[in-house]
Amino acid sequence: MSITLKDFTQYAPRSSRKLLDDIALTVEDRSFVALVGPSGAGKTTLLRAIAGLSSHSEGTLLIDGIPIHDRPVQDRGIGFVFQNYALFRHMTVARNIAFGLDVLPRSRRPDPASIQHRVTELLDLIQLPHLAKAYPDQLSGGQRQRVALARALATGPRLLLLDEPFGALDPLVRRDIRRWLRDLHERMNLTTILVTHDHEEAMDVADTLVVMQEGRIVQAADSATLNATPATPFVMEFLGETLKFPGILKAGRFIPDNQDVAPFPFEGIDGRATVLIRPHKVALVALTGNASVERRPDSPNGLFRYRVLTNSGDFEVTSPTQLSSEELQNVHIQISRGKVFYEP
Amino acid sequence: MKPLTVTVLRPTRRHTLPGFSLSLGLTLLWTGLIVVLPLTALLFRPWHNGAGTMIHALYDARMHAALRVSFTCALLAVLIDLPIGLLLAWTLVRYRPPGHRVVDAMIDLPFAIPTAVTGIALATLYGPNGWIGSISSQWGLKLAFSPAGIVIALTFIGLPFIVRSIEPVLRSFPKDVEEAAFLLGASGWQRFRLILLPTLAPALLSGVGLAFARGVGEYGSVIFIAGNQPFHSEVAPLLIVMRLQEFNYDGATSIALILLVIALLCLVAVSRLRRSVSSGLVREDGA
Amino acid sequence: MNDQPSKTISILLTLLSYGAVVLLIVLPVVLILHEALRQGVHAALETLKDPEARSAIRLTVYVTALVTVINTAGGIAAAWTLTKYDFRGSRFLVSLIELPISVSPVIAGLIWLLLFGRQGWWGTWLAHHGVHIAFAVPGIVLATLFVTFPYVTRTLMPYMEQQGRATEEAAFLLGAGFWRTLIRVTLPDAGWALLSGILLTTARAMGEFGAVAVISGHIPGVTETMPLHIETLYNGYQSVAAFAMAALLVLFAMTTVLIRMFLERSFRKQHL
């Protein structure tokens, strides 16, 4: 199922504040897309808009080429999993899952036996066959999550929308459900869109990441592209730890303000600019500069950490290999592997 | 001619859930027929013979007296209810003594018992031959058939409003805030006065407003115990009834309108006060 | 927190507050039962068999049932509208719905007289066509409707507010329309609050005095509800009969209060 948004703007109820600002987005059939960004970026609002839950909006929103509100809800083929699951507390797990089938118009509603069969099937799929008669309040967070998913899948949707599906789960369960979800996506030929604020999770599970900031889409691409060519400093900073070196571009060279950092050749328009670089891409050249380096005691993920002390401030870098004490004296810092962004 | 373009660009003002116009329509119909329509009649009636009736009513000394009795007694009753209600809510929520559930339920009784029943019960209880009245008269204290009786009845009526407004706030008050104050060295009384009371103030005020408005308009529980002497122990609602019995609709309506307007002004004042009190507080829900 | 002197203080404050409850609330209730049974259970029951008493009971049950049904339906619609949608003027609507709480019951009766009484806007015209509202049962129903207007909305709204809208949105996205969402999703979940609001409405409707006194005309056997009949009996020095009927109403009030307590308790257990 494909989704097209064009010039899509949504306002806060009863005010002219824009929650979504001029969104343009295309989601291909059978793709797995993650909406990422800090809280308040408009990810959930966008997801709800795609589900047809938007109010006070303008612009185009097409599902398979047809405006979303032109089709009755039952025919849209959209499954939605809410952040806090929104299970019906007074119904058993089985009735929760069957709800979407129970409320179909009589002419299209399967007979009770088929509904029962479908529920059993879904309970097996979410690996909770023994919990049909339980109530939502008796389930753990991970179980509720899966029941909410089964409920959304019961009517056979082709588009699955998930709002922070892993938010309330502990890390171990998170990883399991993530794999399982990806697997489900492949097996059922779904188009899946999920919202998360965790970029690592998004990169792990999705094909395309849509990075959002203040109601706008900053960049939509796969993780390799995002890493190689981030569109803005925000994207780069959002996707991982980043060091910033402001400086000036002049005559084909970038000259950092920090005098302990080496200038390097860069073709561009003269003016103020900033280099953003991942800590592991910084190179330290010993005995050529004035900065001193201290070794940090811990080494997470097998990387060794070093604190670089310069006259214009301190920062931390990482290195895959351990540097000897000779290599840490009077260092010069090289950042030519960073990304140059012009200052606005 | 310009080429015809089909555009899907249309600003929508749809609600996310269906059924808005249906449910709003039902609500407005219900409210309109039962509340707005009759109250409109009250607004227009006093003027249908010109402003004369209203001016006449405004200078009616008996009405002045009745209003004074109603408002003074309601105020006194609320002032009595305030410490009792605070004390009750505090003990029930904080100490949870044996039987607190039953006592908690009983606080609703003045609200659930019909006012006429309250009236005859209090009149008998505080009357000269009643369990309390006979004792108090030995001390030369006449409770029933005097303004004191009105205050007693209104105290009874108002108590649930005060307790029920404070209780939920007290129950949901974050314990860690108080614990923080305790660790900072605040004594029990200081914690109550500096931390709890300011938090309770808005809820307390709205409870006071409701109890007061209720007291001003109270009829059933008051008339049996008040004695109902004009200029002395006659409440404003009773005077309305008197005027109606004289088939003086205009007079009755004028008093009713004045009573209602003053009561509503009091409510507005209370809610203003409430807002200014609560504006200094950061609310938990961030609203 | 474990400051030592608080133990004594807590006992003292508890005794004080329980004392206040006994003096203010328990004593009047005990008195009513005592007065009703002054000449024994049999005599009390006998007074309730009087034709006028039975007519009053019948009328009260009829009015209460009708009023409760209407105000429950309206209350549900209002609570749903006010909590599930954002719209301009919702705050004003809330104050309008809560207004009857602060209006004197006497005024609540009077306003209907102004519409339907002999000197009212439409009273004479309607009387010509054989429709009697004031000093008749319809008037009593209208006055009681006004007085018990806000209670269902007031008890439902906080709960529905706290429910949020996600479950309704989930139901909607699964294809349920307005009625189905309301009846199968929202109301079952808010069941205890709804029941509590209905009980409150019932209790207030049964006991309404001032508003009904003004509009009913006080015709024994015809337009006298239980509270009005109590007044007639009490003023006629038929103390046992008056208190017997009062006791009946008090027992009913106590039952509703107890049921509401249990409802709230089971609700809290379910949610905490």
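Here are some notes:
Every chain is named by a letter (A, B and C) in the order it is written, and numbering of its residues begins at 1.
In this section, contacts are C-beta pairs under 8 Å (C-beta built on N, C-alpha and C of every residue); 3 or more make two chains touch, one makes a residue touch a chain.
The model shown is predicted, which means the values in this text are computed figures rather than measured ones.
No other pair of chains has as many C-beta pairs in contact as B-C.
In this assembly, A is the chain whose CA centroid lies farthest from the centroid of chain C. The centroid of the Cα atoms in chain A and the matching centroid in chain C are 53 Å apart.
Measuring from the averaged C-alpha position of chain B to that of chain C gives a distance of 16 Å.
Of all residues in chain C, those touching 2 or more other chains are 86, 169, 172, 177, listed in ascending order.
Looking at chain A, one finds that residues 53, 55 touch two or more other chains.
Of all residues in chain B, those touching 2 or more other chains are 15-16, listed in ascending order.
Those residues of chain C that touch chain B in the complex are listed here as 1, 3, 6, 9-10, 13-14, 16-18, 20-21, 24-29, 31-32, 35, 70, 73-74, 77-78, 80-82, 84-87, 93, 96-97, 99-107, 110-115, 117, 119-121, 142, 145-146, 149, 165, 168-169, 172, 177-179, 181-182, 200, 203-204, 206-210, 213-214, 226-228, 230-231, 234, 242-243, 246, 249-250, 253-254, 256-258, 260-261, 265.
Partner chain A is touched in their complex by these residues of chain B: 8-16. Those residues of chain B whose C-beta lies close enough to touch chain C in the complex are 15-20, 22-24, 26-27, 30-31, 34-39, 41-42, 45, 84, 87-88, 90-92, 94-95, 97, 99, 101, 103-122, 124-125, 130-132, 155-156, 159, 178-179, 182, 187-188, 210, 213-214, 216-220, 224, 236-238, 240-241, 244, 247, 249, 252-253, 256, 259-260, 263-264, 267. Across the complex, chain C is touched by residues 13-14, 51-53, 55, 73-74, 78-80, 82-84, 86-90, 99-100, 103-104, 137, 151-152, 154-155 of chain A. For chain C in complex with chain A, the touching residues are 86, 88, 166-167, 169-177, 180, 184-185, 188-189, 191, 270.
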